[in-house]
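In the two assemblies presented below, subunit A is common to both, partnered first by subunit B and then by subunit C.
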Partner chain A sequence: MKIEREIKVDHLARIEGKAGVIVEIGKDIKAKIKVTEGPRFFELITKGKKYDDAVAICPRICSFCSIPHKLTPIEAVENALGIETSEQTKLLRNILYFANMVESHALHLYLFAIPDYLGYPDAFSMAKEHLELVKNGLELKDFGVKVQSIIGSREIHPENAIVGGFGKIPSKNEMEKVKEMAKEVIKRAVATVDFFAEYEYPSYIDYERNHLLIKPYDGYGVYGNEIVASDGFSFNVSYYKENIKEEVVPYSFAKRGKYKDKPFMVGAISRLTNNHALLDGEAKELLNNYREFLNPSNCFANNFAQAIEMVYFIEKIAELAENYEGKDESKAKAEKKSGRGYAVTEAPRGLLIYEVEIENEIVKYMNVITPTAMFLPMMEVDVVNMAKGMWENGYKDIDLIGKKVEMVIRAYDPCISCSVHVIKI
Partner chain B sequence: MKLKIGVHGLTSCYGCQLRMASVKNVLEIAKNFNIEYWYMMSSKGEIKHVDVAFVEGSVSTKEDEEELKLIRENADILVAMGSCAIYGGVQGMLYGMEYEKAFLEVYGNNTIELEGKIGEPISKYVKVDYKLPGCPPEEDELLYYLACFLLGSYPEEKDYPVCAECRRNGYPCLLIEKNEPCLGALTTAGCKARCIKFGIPCIGCRGPLEEIAWYDSLANVFKEKGMEKEIIKARMEIFGKQYENMDEMVEKVFK
Partner chain C sequence: MNCIVVFLGSEVAGDDSAGYEIYMRVKDKIKARLEYLGTDFFKFYGIYRGEEKLVIVDAVYGIDDVIHLKNNEIFEIEDKSQGIHFLSAIEALKIMREVMENFPKEIHLVGIPARSFEEKTLDEKTIKKAIEMIEEVVLRDC
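After this line comes the complex of A and B, so read on.
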C-alpha cells in the first residue's frame, strides 16, 4: 500500500508503560500499537519459587493494579491447594480490591484522560485553572490509597495480603474510619459522573464488539469463576486457553488476545454493559439518569463507565466496612501441597486470569493473561476508525488526528507494563 | 530559577513514578520544581538539560539503553529510583540466563523486531549519583530527596538494615521467634519495617544493603532452621540476584 500520510507517536504520554502508535493513511488506513516496554518474563521468574514467594512477585507486574496482581494469584493458589478462606477474609479482600478500583479509575480519569478533554498537557497545568476538578481526582485517589494501606499494608505491592488471609487484620476502629472516609468522598465520584455526562462521543468510531467479563459471585463484584461473553456464550475460567487465543506480532513485546478469532473488549464498559442490572444505590440512579452515555460500541463510554463504577465501589466499601467484625482469626490452611488452580477477577481494566501449577509447595508453572493484552487488537480497530472517520469527514490536519487517536488509546486506560509480562506459548 | 527535574521510566511496573505522582502534596512538587519531562504524567516535554533526573526501571531493551544514555548526558544529577534501577528488579532475577532462551520459553519461535535483554541495573550503563531505594520508594524518603535538592543540599542514603528499624520499633523478631525466612538483616532500611509490623517476613524489596548484605551468614541461620538451599536461594534472589557474589555466598554455606 502506498502511504500518503503517517501518524507516528513513538512514546505515548499519560499512559502506564511505554508504547507508541503508527497510523498509516493510504487507500486503506492501518494502525499498529507498538509496545516497546521490555520483556520481564514473569512466568519464568515465578517458577521454582515457594508459592507464597511467587505471589509476592506477581504484583510487580504492574503498580496501578498491584492489588489485582496479588489477589488473583492468591486465589489461583488457594484453588490449587484446596484452601477455604473465612468470610471475613473475603470481605476484606473485596474492600481492598474495590479500593484499588477507585484509586486506579481516579488516576486514569483525572491525571491521564481529563487533560485531553479540557486541552491541557497534564493535570498540573490543568490544576492552575481547574483546581477543584483536579482535587476531586486527588481526593478519590487518596481515599483508595488510604484504604489499601489499612488493609494491604501499602497501596503499591501490598505485602499484607497473603495466601490464606492476611498477616494482620485491621481493627474495627480502622474500618469505622474507612466507612466515614467513603461517605465523605462519594460526592467527588458523583461529580466525576456529571463531568463525563457533558461530552458526546464521535459516532464514526461506533463499532459493534463482543464484551467479555466475569459473572460475579455477588452483586456487581470482581470475583467469579465463569467468563461471560456478550454473544451469550460462557465458559469456566479453566477453559480460558480454548477460548482466548493469543498471538505474537513482530512490532510488540505484548501478546494479544482474540476471542472466536476476533478482537474483543474488556473493562469497565464491558462490565457495565452486561451487568448494569446488578448495580444498586446511587450508581444505579446515576446510570438511569445518563443511560445514553453507556454506548457499548463506543470506547469513550469506558470513561463514563469507570466514573459510575467509582460511585458503586465507594458505596460498597462503606457497606462492607460497616459489616466488619474484626474477629481475631488465623489464616486458612492448605489441604494439600500440590495441585493446579485457576482464578479470574475483574481488574480495573478488565479480565485478569491466572493459572498455577504447584508441586510440593513449589510453583512449577504459572500463566498470566492480562486485560491490556486482551484488548490491544480491539484498540487498533478503534484507532483505525477514529483516523478514518476524521480523514473521511475532511479533517486533514495530521496533528489533530494524532491527538484524537491518543484519546482513543487513553480511553482504554492501557496498562502496558501488564501487557508485556506475557504468557507462555 | 526553579530547579529543573525530569522523571523517566525504563522497563518496570511504573510504581516508583506512581508513588511520586500519588504523594499527598504532588501539586506542591509541581509548584516548586520545573518538571521538564515526565511522560507518564504529561504530554509536553522532550529530554533536555535538567538539574536532577529520576530514573525508574531496568535496562531491558536496546531502546532503554539509548534513552538512559541520553538522560545521563542531559542531567547534572542522576538518581536511580527503586529496585529495578538499582539492582535490576525482579526481572533481573534471570541474570545469567541467555536472553534467547528466556525469549524462546515465553514467545516461542516467533520473531519480534525489537531487541530485548535480561533486565540490568542502570549503573551498568551510566554513572549513578544517588540511589533512592524501595519497591516502591517510601513517600517520606522521596520527599526528603526532593527537598534536599531543592535546598541545594544532598540526600544521605541509609546505611543500616531493616533489622535496625524493626528493633527500634520493638516488633517481635520473625526470624528468631517464629522461624520465618525474614530478609530484614540484609535489606536497606527506610520502610520502618512495615511488613514485620504486619507479621510478614521481609522479602528484601528495598534491595541488599551494600557491604552489610552478608547473604552467607543469613543463609547459615536459615540452614540451621532446617530450610533447604534451593528455597533459600530462590527467596534471596528475588531482589538480590545481581548483588555482587550473592550466589557464591549462599553456595559456600552448603558446601
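After this line comes the complex of A and C, so read on.
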C-alpha cells in the first residue's frame, strides 16, 4: 500500500511497558499499536515458589492494579487446593477490590481523560484553571487508597490479603471510618457522572462489538467463574484457552486476545452494558437519567461507565462496611496440597484471568491474561475508524487526527504500571 | 524542621527500582518520616501530614551521576508526559502544589541515574553516594 501520510506516536503509554502507535493513511488506513518493552516473565518467576510466596509476587506486576493481581491469584490457588473462605473474608475482599476500582477510575478519568475533554494538554495545565475538578479526582483516588490501606495494611502492594483469608482482621471502628469516608466522598463521584454526561461521542468510531465480562456471583460484583459474551455465549473460566485465543504479532511484544477470531471489548463499558440491571441505589438512578451515554458500540462510553461504577462501588463500600462484624477468625485451611485452579475477576480495565498448577504446595505453572492484552486488537479497530472517519470527512491535519487517536486509546484506560514517577532531564 | 522523605519507583523494573532499593537500606537508619510510595507519587496527597521539608528520592533518566536539586530547580525541569497515560513525578508534584491547601515549604530531589527499565545497571558506589546525599539533606535541619 502506498502510504500518503503517517501518524506516529512513539511513547503512547506503558502497556506492560513502552508502547506507541503508527497509523498509515493510504488507499486503506491501518493502525499498529506497538508494545515495545520486553516481557517481564512474571509467570516464570512464580514457578518453583511456594503458593503463598507466588501470590505475593503477582501484585508487583502493577502498582495501580496490585489488588486485582493479589486477589485473583489467591482465588485461583484456593480453587486449586479446595479452600473455602468465610463470608467475612469475601466481604473484606469485595471492599478491597471496590476501593481499588475507585482509585483506578479516579486516576484515569481526572488526570488522563478529563484534560482532553476540556482542551488542556495535561492535568497540570488544567489544574491552574479547574482546581476543584482536579481536587475531586485526588480526593476520590485518595479515598480508594485509604480504604485499601485500612484493609490491606499498607498503601503499596497490600500484604494483608492472604490465601485463606486475612492476616489481621480490621476492627469494627476502622470499618466505621471507611463507611464515613464513603458517605463523604460520594458527592464527588456523582459530580463525575454529571461531567461526562455533558459530552457527545464522536460517531466515527461507532462499531458493533462483542463484550466479554463475568457473570457476578453477587450483584454488580467483581467475582464470578462464568465468562459471558454479549453474543449470548458463555463459558466457565477453566475453558478460557479454548475461547480466548492469544496471538502474537511481529510488531509488538504483548500477546493479543481474540474471541471467535475477532477483537472484543472488556472493561467498565462491557460490564455496564451487560450488567446494568444489577445496579442499585444512586448509580442506578444516574444511569437511568443518562441512559443515552451508555453506547456499547463506542469506546468513549467507557469513561462514562467508569464514572457510574465509581458511584456504585463507593455506595457498596459503605453498605458492606455497615454490615461488617469484625469477627476474630483464622484463615481457612487447604484440603489438599496439589491441584489446578482457575480464577477470573473484573479488574478496573476488564477481565483478569489466572490459572495455576500446584504440586505439593509448589507452583508448577502459572498463566495470566490481562485485560489490556485482551482489548489491544479492538483498540486498533477503533484507532483506524477514528483516523478514517476524520480523514474521509475532510480533516487533513495530521496533528489533530493524532490527538483524537490518542483520545481513543486513552478511553480504554490501558494499564500503566509505572506511570507517575519517571523523570527525564 | 519536620521532614518527610518519599521514595519512588517500581520494586522490579530495572533501574527504576533505585528508590525502593535505597528505601530498604535506609528505612531503619534515617531519623525522619520515610515513606515508599511505589510508582504513584499522587499517594503523597493522602499521606502528607504538614511536614515542612519534603525529600523525593527517585530514578532519573538523562543524568550520569547522583544529583541534588532544591525548590525552583526542581519545578524548572521540563519534565512532561511523553504520551498517553504517562505522568512524571515532576508533573505530579506540580499538580499537587496547585491543589493541596498545605504544601511543604522546602522541597529536595535526590536523583539517581537510571539507564534501563529492563536491566538493573545501578552500582554500589552510586547507591552509597545517594544515601550519603539523603542523609546530608535530612540531617541538615530535620
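What we mean here is this: the second predicted complex is superposed on the first by the 409 of 425 C-alpha atoms of A that agree within 3 Å, B and C clash if a C-alpha of one lies under 4 Å from a C-alpha of the other, contacts with A are read in each partner's own complex, and residues count from 1 in each chain.
Definition applied: a contact is a pair of C-beta atoms (placed from the backbone, for glycine too) under 8 Å apart; a residue touches a chain by one contact, two chains touch by 3 or more.
Worth saying up front: this structure is predicted, and the values here are computed from it rather than measured.
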Check whether A:F124 is in contact with subunit B, with subunit C, with both or with neither, and answer first, second, both or neither. both
Looking at A:V134, would you say it contacts subunit B, subunit C, both, or neither? Reply first, second, both or neither. both
For A:K337, is the partner it touches subunit B (first), subunit C (second), both, or none of the two (neither)? neither
Just to be sure I read the superposition right, which of the two partners does A:S153 touch: subunit B = first, subunit C = second, or both, or neither? first
Determine, under the contact definition given at the top, whether A:L44 touches first (subunit B), second (subunit C), both, or neither. first
By the touch definition at the top of the document, which applies to A:S252: first (subunit B), second (subunit C), both, or neither? first
Name the contact category of A:L107: first (subunit B only), second (subunit C only), both, or neither. both
A:F64 in the overlay: touching subunit B, subunit C, both, or neither? Say first, second, both or neither. both
In the three-chain superposition, say which chain, subunit B or subunit C, touches more residues of subunit A. B
Please indicate which partner A:V145 is in contact with in the superposed arrangement: first for subunit B, second for subunit C, both, or neither. both
On subunit A, the footprints of subunit B and subunit C overlap at residues 11, 13-14, 17-18, 37-38, 40, 60, 63-64, 107, 111, 122-124, 127, 134, 138, 141-142, 145, 155-157, 406, 417, 422-425
Of all residues in subunit C, which touch subunit A in the complex? 8-13, 16, 19, 36-43, 45-47, 58-63, 77, 79-92, 94-96, 98-99, 109, 111, 117-118
Of all residues in subunit A, those that touch subunit B in their complex: 11, 13-18, 36-45, 48-50, 53, 56-57, 59-64, 66, 107, 111, 115, 121-124, 127, 134, 138, 141-142, 145, 153-157, 159-160, 162, 166-168, 248-253, 255, 406, 417, 422-425
Complex interface listing, subunit B residues touching subunit A: 9-15, 18-19, 21-22, 24, 26-27, 30, 35, 38-44, 58-61, 63-64, 89-91, 93-94, 97, 102-103, 105-108, 110-114, 116-117, 119, 135-136, 194-195, 197-200, 203, 205, 230-231, 234-235, 238
In the complex, go through subunit A and note every residue touching subunit C. 9-14, 17-18, 20, 37-38, 40, 60, 63-64, 107-108, 111-112, 122-124, 127-128, 131, 134-135, 138, 141-142, 145-146, 155-157, 406, 409-410, 413-414, 416-425
